[in-house]
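Read through the structures below before going on.
What follows is chain A paired twice: with chain B in the first complex and chain C in the second.
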Partner chain A sequence: MSVMTVRRATRVIFAGSLFALLAAGIGTITAASSGASTRASTRSITIGASLPLTGPLGGLGSDQEIGYRAEVNDVNRAGGIKIGGSKYKINLTILNNASTATTASNQARALVTRDGAIALLGGATPTISVPQADVATLLHVPFVTTNNPDDAFGSANAKGWKYAWDVFFKEETQAKTVAKWANVCPSNKKVALFNDTEKDGTFERPLYEAAVKADGDRVVGTYTFPPPTTTFSSFITSAKAAGAQIVIGQMLPTAGIALVKQMKSLGFHPDVVILAKAANAENWWKGLGSLATGSGMELTWSPAAHYPGTPQILKTWGKKLSVDTLASAVPDFGAAQVLLQAISRAGSTSAAKVNAAIAKTNGMFAVGHVKFLKNHTAVTRYLVGQWTHGKVVQVYPPVPGVKTECPMAGLR
Partner chain B sequence: MNATTLVNGALEGGLYALVALGLSLVFGVLRLINLAHGVLVIGAAYAALELFELFRLGPFAALPIVIVVAAVFGYLLQRLMLTNLLLKGPEAGIVGTFGLAVLGEAAFAAAFTSNGVSLQSSLATSSFKIGGVTLEMVLVTACAIAVACAGALQFGLKRTRAGSVLRAAAKDPSTAELMGINVRLVFALTVALAAALAAVGGVLYGVSTGFAPTSDTSLLLIAVAVVVVGGVGNITGTLVAGLAMGLVQAISVSVFGGGYADFTVYVLFFVVLIARPKGLFGQGAL
Partner chain C sequence: MATTALSRAPESVAPALPLRRRGIAALGALVLAGAACLALGEVGGAGVLSLGTTLFAYVALAQAWNILGGFSGQMSLGVGAFVGTSAYTMALTMTRLGWSWLPGMVAGMAVAGSLSALLAFPLLRLKGDYFAVGTLAATLALDAWFDNWSFVNKSMGVSVPIQAVPGQTEMYVIGLVVALFAVGSAIVMRWSTFGVRLLAIREDDLAARLLGVNVSGYRLVVMVVSGMLIGLAGGVFALSLVSFVPDGMFAMSWTIEALVMVVIGGMGTVIGPIVGAVAVYYGITTELANFPTLSLFFEGGLLLVIVRFVPGGLWPFVVRTARRSLEWCGTAIRSARATRPPSS
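On to the complex of A and B.
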């Protein structure tokens, strides 16, 4: 074969490859711009979610995956989502950002630009969600998230969010509800606050202080510590000496487990203990066993709240998942409902139309009533649960026939 | 600041020393900073948790099994991976153990989720009083085991033939080999022993507090600080440095607040590194 023949063959291959690449590129752009794949047999749209499936937030992220997938599966089982008279199957593309903000941001971008997602669902906590919301704002893609306390999320963009929306409780509501529950039990009204220095822990501490003072309690000890601190003997000794009978806190589960163990060991037996974030997973019971009996836990969903779809949720998941897992997964289920129903109402995959439809959301969902405020947050209720024999029951707001167990039995 | 805080702080330091002993041993003998040491510690805690889930074995009933599994793992790790890497230079060993640490964290997260867990034992919630000072049982136990392990190790290294062989291999591997010592076997047994010590530390750590797949990093950092402050390969130094670190941490928390616990430890670490690069007690038996 002559040199000329080889060169010609190479050029043909090169030209062919270029043509194929161009064709593929045009195809991708067309699909992305229309926001939908329109192959004859199945029409589909892609929704993306970058979740913290591993790392310190892995527990929350795994529950998010359960919630998001459940709603998408429900819609697909019913034939798909109805958009402008046609039904589309939903491809839910989930990536693991390993609880890293930079990865979360990069993955949100890739889900839109590479995978053709027409909308995004967010990851847990502002650390993960806010960078993703920034990407959504930049790319003009609707973004609905949850597991972000409202003020932290709403104030994270100085110019105000345009395409990002959050469905969760408000920090002030959290503090007030916890303070009110703490006073259900008779005590000397002396409170010790234990908060880690993560963003939410720092934000919540002054709100807890204000809320307990407003309820006539007295803060006798305020203890802050950076994660991954798990040694609390000096704080416990101080709180015990100050006579605290109520312990309120916000920290990672490893710290919470260590704190309760050390409280028991050092003979500090407060009547009321609620450690937000720490006690919010099944591992709380696995790690502490009966020691956890009577400890409080924050809930955003409970069967006793009687939100829409509760019987169906219990029927579908009740045997497989515990109430504490459901309490974490159902808000994500609800956030996905908000997004998918907005897409359907928009009758289009156009980002602007979907975004406008999200803004007009006003109705009951699995997580309660959702209506967005000017700062793009929808305030859901904050409930308090109590661990009893490995299960969680809602105790505040009060539920008929259910009483808060006082004092905390695990520490007695 | 009260006596209970200070005493429990020092006892917590005993747990640090227990975790650091294996690292010091490998550092002293193989001249390797085993960045996977934290993963070995946390791996032992997870192994005990799994034995509880499978056979309802309590942490201390599971401990002998965990020790044997860890030792076999350590032995195989040295024979199958570290020997070849160390022949290429110390950097390869560090990179290799770093890779293992990353892999271990990911494996634990996949197998056990990222949620914090703990080993249940009545020891973790028991205490006793001496003259008005409340002592946490789990920390007293950890400290006592640390002292026993350090003593046995020191005795073994200085007073037994096996110790002489190990010291010879550590000091000059080439000459030791010429004298008929199977250096590769000695190194493998050293890593096995270090892994066994890590297992003891891991189970006690799991009983005393909560742990998660990412807990290995903070444990490794504390252990490195203890080893450097105590003197590389100095067993007694490691024990004393561990106790001192725990005490310093307790004092700093009492005086400056919780935010300065680790900061104070690392300040101490850097001061010692600059003022006495060989550690407060110099290089020991190794």
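On to the complex of A and C.
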């Protein structure tokens, strides 16, 4: 046998081995995942969720997974969900859309058509949730989501949503609350607004402007930018030159972290900083460290709000999860409660019946009172928290014994 | 134009049968394959219909890229430009003008083709890597423009009217027709004198020009055809996704998907992109949907193995191996007959 033949045979064997390894890897993973779903399929129903577990919204998505799984685990521990006299275990299938809208849409479709999900839970922000809601509407599958400001979500379908529902706060409440909190600290009342051009950011910008003006503040800079932007030096220089001491904004976490770091490096030290959506997850502190001290964070849940089930939530999760993670995860826990209770009330897995039951929701949940409006949104409260030494405390509406720390220490 | 080893599929250069007969045979096989897919859609459930629709759109996308990159040797990184333009045209004509999906899709295809023709004038003056970078720059520019253009709702994106989106079975048929059209176009191009001239341009454009081939004209036509086919695929994606934003529709990921599918399946062949689309979308993306990071890992791993060990792609490798096996069997039989003692 010649040297060339031996070399060729070695190449073929090596390439074949690599192919076999790749195929075996895919096969093993597929078998493992399908095995898990087969085990769960005995007398069970499937609920699907495509979440941004990685990418720019990774922090929010991870907290969503915690919230959704917690409610499903609670129900399964209690024997399952009661539908028409029988109990069914819930198989929660969660896929990672990596913060990509097209993947979120494709996964929502696959969860229904391939995995047989009878209902869907949504991902964070309108960019991810609206395409999923469209798919749910197209396939006639109930879809409950959260982490989407109400008007941005409610207006995303010109003809009105039929199968999609959202439990979150209203943008107007958000703007007014943020403006009021910003004035708790003494400042020169000059405001710089930083908003990305996602649906919620675009909605929020004029509302912020109106709210701060109503509170006697003056907007000295309005800066808008596409979502992936992470370079803000020209905006920061302009805001600094205009003498802004209050920074209010709405953007992706990656953009928010970059903005605060660049403010520090360019010597811009506003007294108040609150960047909605950006500061909403643990990644905010991980990304900024002590730089985040004193920054604001929007909350839909806090222990001080005394919603139903708060002592139980703190007892079950309080030791494992920080308050900021809970603040982000509990709304998702609440959204899952709304969906599962509606399925139980419907007494059927029929999409039309479950959808009708969701529409009739009217009661107290982990995020407070939930009752859906005509635009398929249920309004929750808006609270402001403040990051202090890696923890979040509710500071607005004021809580006895807790004071807003002014000025923002992280940038000093 | 200098070509890489990747862009050559040796067995695709010299067909054994006359061009027209091979083309007709291939079109016949395509019709049979289409009928089989249609039958599969009839018996398959919602999962098969949904999977099939996306797979067909990817087949069309990969084939469109292959016509440009594999047949004419122009490596484009601008697939997203045509997917995005077509999807936006479709959504805007449906929402603002009240058109149904069919004229919307045709309009999307026409606008993608026009964009292609428009871009061809500056881009066709560039060669090799510069052409690739030019197509990428055009896509990034379009993405930035749409992100900031009020008429298309800026980065908030647009939606196709839900009530105008066809049902799952209809979507499957639409996807199938688009894929068949793209593969049919590739067959007609490949097994015609047009295709032979295209291959000549791919192998050596200077020699082709000296032989009287209108190199610029052929490249323009192939770029427009590729753009239109990508536009058609973009229309199917738009109907499947319903609502979308510029960053999703003008994304680099469309180019990467098409390129990976074509390279894995076999660049410059007609069957290769189909094999690649099935291997990548069905074999990896769908099977590993729960593990997106692993999915990318396996996709990259497979690409590395193909590029290193089977640079022509899977399909040419299968054809070559089958041909050699048959030759080996024939030789073995002949030698066995030759050594057999003569019977009494």
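Keep in mind that, in the parts below, the second predicted complex is superposed on the first by the 368 of 412 C-alpha atoms of A that agree within 3 Å, B and C clash if a C-alpha of one lies under 4 Å from a C-alpha of the other, contacts with A are read in each partner's own complex, and residues count from 1 in each chain.
Operating definition for what follows: a contact is a pair of C-beta atoms (placed from the backbone, for glycine too) under 8 Å apart; a residue touches a chain by one contact, two chains touch by 3 or more.
Please read all numbers here as calculations on a predicted model, not as lab measurements.
Looking at the shared chain after the overlay, A:T54 reaches both chain B and chain C.
After overlaying the two complexes on the shared chain, residue contacts for A:A255 are found with chain B alone; chain C is out of touch.
Contacts of A:P131 after superposition on the shared chain: chain C is touched, whereas chain B is not. In the superposed model, A:G287 lies in contact with chain B only, and not with chain C.
When both complexes are overlaid on chain A, the residue A:P228 reaches chain B and chain C alike. In the superposed pair of complexes, A:R109 makes contact with chain C only, with no contact to chain B.
With both structures placed on the common chain, the touch criterion links A:K264 to chain B but leaves chain C unconnected.
By the document's definition of touching, both partners, chain B and chain C, reach A:T197.
Once chain A of one complex is fitted onto chain A of the other, the partner contacts of A:N157 are limited to chain C, with no touch recorded for chain B. Overlap of the chain B and chain C interfaces on chain A comprises residues 54, 197, 226, 228.
The residues of chain A lying in touch with chain C in their complex are 11, 14-15, 18-19, 22, 25-26, 29-30, 33, 54, 95-98, 100-103, 105-107, 109-110, 112-114, 127, 130-131, 134-135, 137-138, 156-159, 196-199, 202, 226-228. Of all residues in chain B, only 1-2, 4-5, 8-9, 12, 106, 109-110, 113-118, 120, 124-127, 134, 136-138, 208-215, 218, 249-250, 253-254, 257-259, 261-262 touch chain A in the complex they form.
The touching residues of chain C, when paired with chain A in their complex, are 45-47, 49-51, 54, 95, 144, 147-148, 154-157, 159, 161-163, 165, 168, 237, 240-245, 247-249, 251, 283-284, 286-294, 298, 301-302, 305, 308-310.
Within the complex, the chain A residues that touch chain B are 54-59, 61-62, 99, 197, 223-226, 228-231, 233-235, 237, 241, 252-258, 261-262, 264-267, 278, 281-283, 286-289, 291.
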